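Both of the next two complexes hold subunit A, though its partner changes from subunit B to subunit C.
Then we have the complex of A and B:
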């Protein structure tokens, strides 16, 4: 029978993973396609004799019912219409269509970027910002975790700084770095770096002291222990931390892209929302999710290959 | 202690062949000298005396066991000799030179194996030579040589998580010995192994010690292990950790597990037992044991298991 920790077969595990996506999609389908579920508005197909009704416009269900009653009483033509969800909740097939057509539709303004250009811009922004943050954050984190002096000198300030919300630096970043990509990079870096230093430092501190002592008795000096024991020992965990932190960088992307001249996928989303093309908005949000999920799955696979020795205690 | 227990041990030690053996051991030059060693631990309630006035000397090629009840500081002593732990006063001399830091001249084997999990068995053994500046080819040659010697060449490319506890500890021993240290410190190295593997490892260690120029200080809490391995047993007593007695073990070499049932072995063990746990007359109870309460009967009256 089942122990405390239930063990799933590969098949079961994959099935549950698929179900975790299917369940919300099914709920979405139910809300969209079953007319008795929600559908608080009516799409007018025939205005009848109601003076202010227009074909292909929406009205609240209660208003529609009242007008139907009014017209019946007055003996005039009754308006026709079908229940519909608000404009901000498009049906799955609409979003799916938008997902494809948004790539094939030329931008509204002539010199504006196509969707794939906007997306690529965002992806580049996230990866470069994350790379920059890691360039400082990972070495500094490792140093904090392996030296008490560096730790005491750095961490109190970092601890304070990480509570400052990165978007609060938006105006400042624009004033200093201009309106294009530089302030956006700055915001993602600020949002990621300070968490990164603390997380990597904590991971570094978890290195088994026994390994360091063994290395010392084998003749390794401080520097050799850092290079030959601490760094290889923490690599799998740092890799996992980096995967989580990369997700963090993505969450700062939208805020960052709103700063200064709006750009990338955020520019696309705000543009589409302005024209009430909510199917396009959902499609764009889905794209971000998919890019995130796919990179994470790929990185996880790569990690398993890279750190085979860790098989003993990998989760 | 009962006089009979002490007399029995002294009689065993007085046997002419034993006297001759002890004399031979004493003739050897001394390798390690610990003089007037004091060690304090800083705790929230102030400084705690962990080791008080320890004086010992270990001869070259000797196998010495350190034993004592928990809290006697036996592990701390081995860690101080290794240079992993600072001390407050006294001297630790290796070949007459004061020990100030960890160094490759004192190898150490820990209870927790401490193999580097990202390195294969061979790479683990290569660690010491690499740290001392040997190139990969030299280090690899040395590692393979030691793995062959210790019978693990077949596992050279395995990772530690693929090995059993006994094999891990053999790798750890090879990894320490490849540095050709003056002294091998072993801190309860077989404590986590099952009894059968443990017995094999004890024989293995004796075999290594017989054939390799190495002096061993072996910390254990297992009396059988101490008697089977040691030339001399250093008995420490706790609170604070201090030297209680040093016993010359009156057992001939080579030693075998079958010796456990010999009368002389029994005599030594009775004596050690009396030293460490006190005999019946003494009412000094280990403070840990004092806390074990009397358990009230919670089963039916007729539900007896004994």
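Then we have the complex of A and C:
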């Protein structure tokens, strides 16, 4: 164990954090801008005498090379082209441009939402779904963790249900809940709630038994033990669990928004993907990532303030 | 509440969804942007009857196909209101719109006649009251660079999405070329992935519709359409399919909806107004008008007069009946569903004549 838990200074820690972002971005840049790294296709700029080549269409690099050789041998015009990446891997600067312009471009259709309005709709959807799941999941999880009877009555079914694929309930959710936001909320809740119950229950079980025994010896009843011992003990950990589970809820957003009437950021992503505007698609994916990251950083900061007594434990 | 494992296994959804549904309904009002259905869950799931009363607007699900996006012109210009009918178009992903119709959440859906038969076979009957268009080149079988005709496909692998229109079109095309679907090896694949699949050199041809077909042609230089829906107009009709309940209760309103269509077709086809129409349609799809213009030509919008002609009951593909009989047979022989559906009961030919 020695040497593993190395203490980093604030500066070092921040630097490594930045590097964790820079590394993937550098790889992306290398793949996009250095032709020898990947570029498996050729965009034809001049078909030469190759009968089946068309200008502005793509071909595999090997096919292109073979045709160049063929034409040279036959003494005909050699085709011209530029090495290029597949259409679904846009370069960083293209995505960056799309990121900015997608916000500044007014919606093409009158009374259609701006991109930030679509995003806000998605954020709200995740928020309400998570709120709803937590309303059930957190109390039930705590009860499961503190009572064997509740645990046995609930957990076997929850264990079973958490393996069921939430998106598969899409058609049923639409049939019951309509075509607007309700079925989407249902899918995120189904995707989050069942994991949540089990995770919170496990966290609750980690309460120091000694504390509970001491409380019992001092005459605390069940309710008092729950209120005065268990809940204060687990609160910081539950808070951290909730942060992780919120991310979980986000991952269900895209499948949830695919059911019912088109809405939110998913509509933007799927429609732009259909027309192969992948720069826009990646820009939208980045937006979701940024929102998630920023929320998590803010929640972590808030957690440090809320649970000062636990500062040594939680990060 | 002790539940035997076998019992739990057979009814997982009924057990969990009911309490969840009740809670969600309560929450729906909190979210503020949702509409709670009036019908109980069993009603909604059991039949396709949309829970509407005559005060509510007719709810139509539409998605990204030029013949359906065309309605956007009528919506933006307020022509439906002018005609005295309250209609609400709700924008969907195509598959999601079919699900919503099957779930009884829509009065009508815009679909291909084949997909409407599939819906109907599963109990969610849609009555086809008009055709918006037929595919006239937007559906394609695309061959790899070394494949020059359908005959070259003999013994080769072709990727299509099984049970969908390109599968039907391939089968029809091969028959016309004196071969059969058994002369090729079929590879099932999602239509969205056809450009990558053809580029991978693992198949001799793929089937796709626009805009994916165009992307495939660009992704593989030298690939070419071997057969398109323009070679057999009428194989694929796109229709407005209405739930029997809605049609029964509000026939007069549906007639008004249908009557607006001619105005839409002429606005789109008239060279003077076409740029404006394209702008409206492209905006709905979220792309530029130039991008959208390419797909307009592959869709042949049908006027009401052409609708009337195609409502003539015969076995030709020039008739909606004939086309639907053909698709019906195809669906059964390819086990999309088990038994032939009663096509005649799914077509109401009178509304396009204003009756």
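One rule holds for everything that comes next: the second predicted complex is superposed on the first by the 266 of 315 C-alpha atoms of A that agree within 3 Å, B and C clash if a C-alpha of one lies under 4 Å from a C-alpha of the other, contacts with A are read in each partner's own complex, and residues count from 1 in each chain.
Note that a contact is a pair of C-beta atoms (placed from the backbone, for glycine too) under 8 Å apart; a residue touches a chain by one contact, two chains touch by 3 or more.
Since we're looking at a predicted model, the values are computed, not measured.
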Should the superposition on subunit A be reported as showing a clash between subunit B and subunit C, or a fit?
fit
In the overlaid three-chain picture, which partner chain does A:294 touch, first (subunit B) or second (subunit C), both, or neither?
neither
Which of the two partners, first being subunit B and second being subunit C, lies in contact with A:210: first, second, both, or neither?
first
If we overlay the two complexes on their shared chain A, which of subunit B and subunit C does A:220 touch? Say first, second, both or neither.
first
Thinking of the overlay built on chain A, is A:169 touched by subunit B (first), by subunit C (second), by both, or by neither?
second
Subunit A-centred angle between subunit C and subunit B, computed on Cα centres after superposition, in steps of 10 °:
140
Once the shared chain is lined up, is A:260 touching subunit B (first), subunit C (second), both, or neither of them?
second
With both structures fitted on chain A, tell me whether subunit B or subunit C touches more of subunit A's residues.
C
Applying the document's definition of touch, where does A:27 land relative to subunit B and subunit C: first, second, both, or neither?
neither
Of all C-alpha distances between subunit B and subunit C after superposition, which is the least, in Å?
27
List the residues of subunit A that touch subunit B in one complex and subunit C in the other.
none
Using the touch definition up top, name the residues of subunit C that touch subunit A in the complex.
1, 3, 8, 12-13, 15-17, 20-21, 23-25, 27-28, 30-31, 33-37, 41, 44-45, 61, 64, 72, 76, 90-93, 96, 99-100, 102-106, 145, 192, 195-196, 199, 201, 211-212, 215, 217-222, 224, 280, 282-287, 291
Subunit B-touching residues of subunit A, taken from the complex the two chains share
208, 210-211, 213-221, 224, 228-229, 232-233, 235, 307-313
Can you list the residues on subunit B that touch subunit A in the complex?
82-84, 102-104, 106-108, 110, 112, 114, 116-119, 127-128, 130-132, 159-161, 172, 175-176, 179, 185
In the complex, subunit A touches subunit C at residues 41, 44, 52-54, 56-60, 63, 86-87, 107-110, 112, 121, 124-125, 128, 132, 136, 153, 157, 160-161, 164, 169-172, 174-182, 185-186, 189-190, 258-262, 267-268, 270-272, 274-277
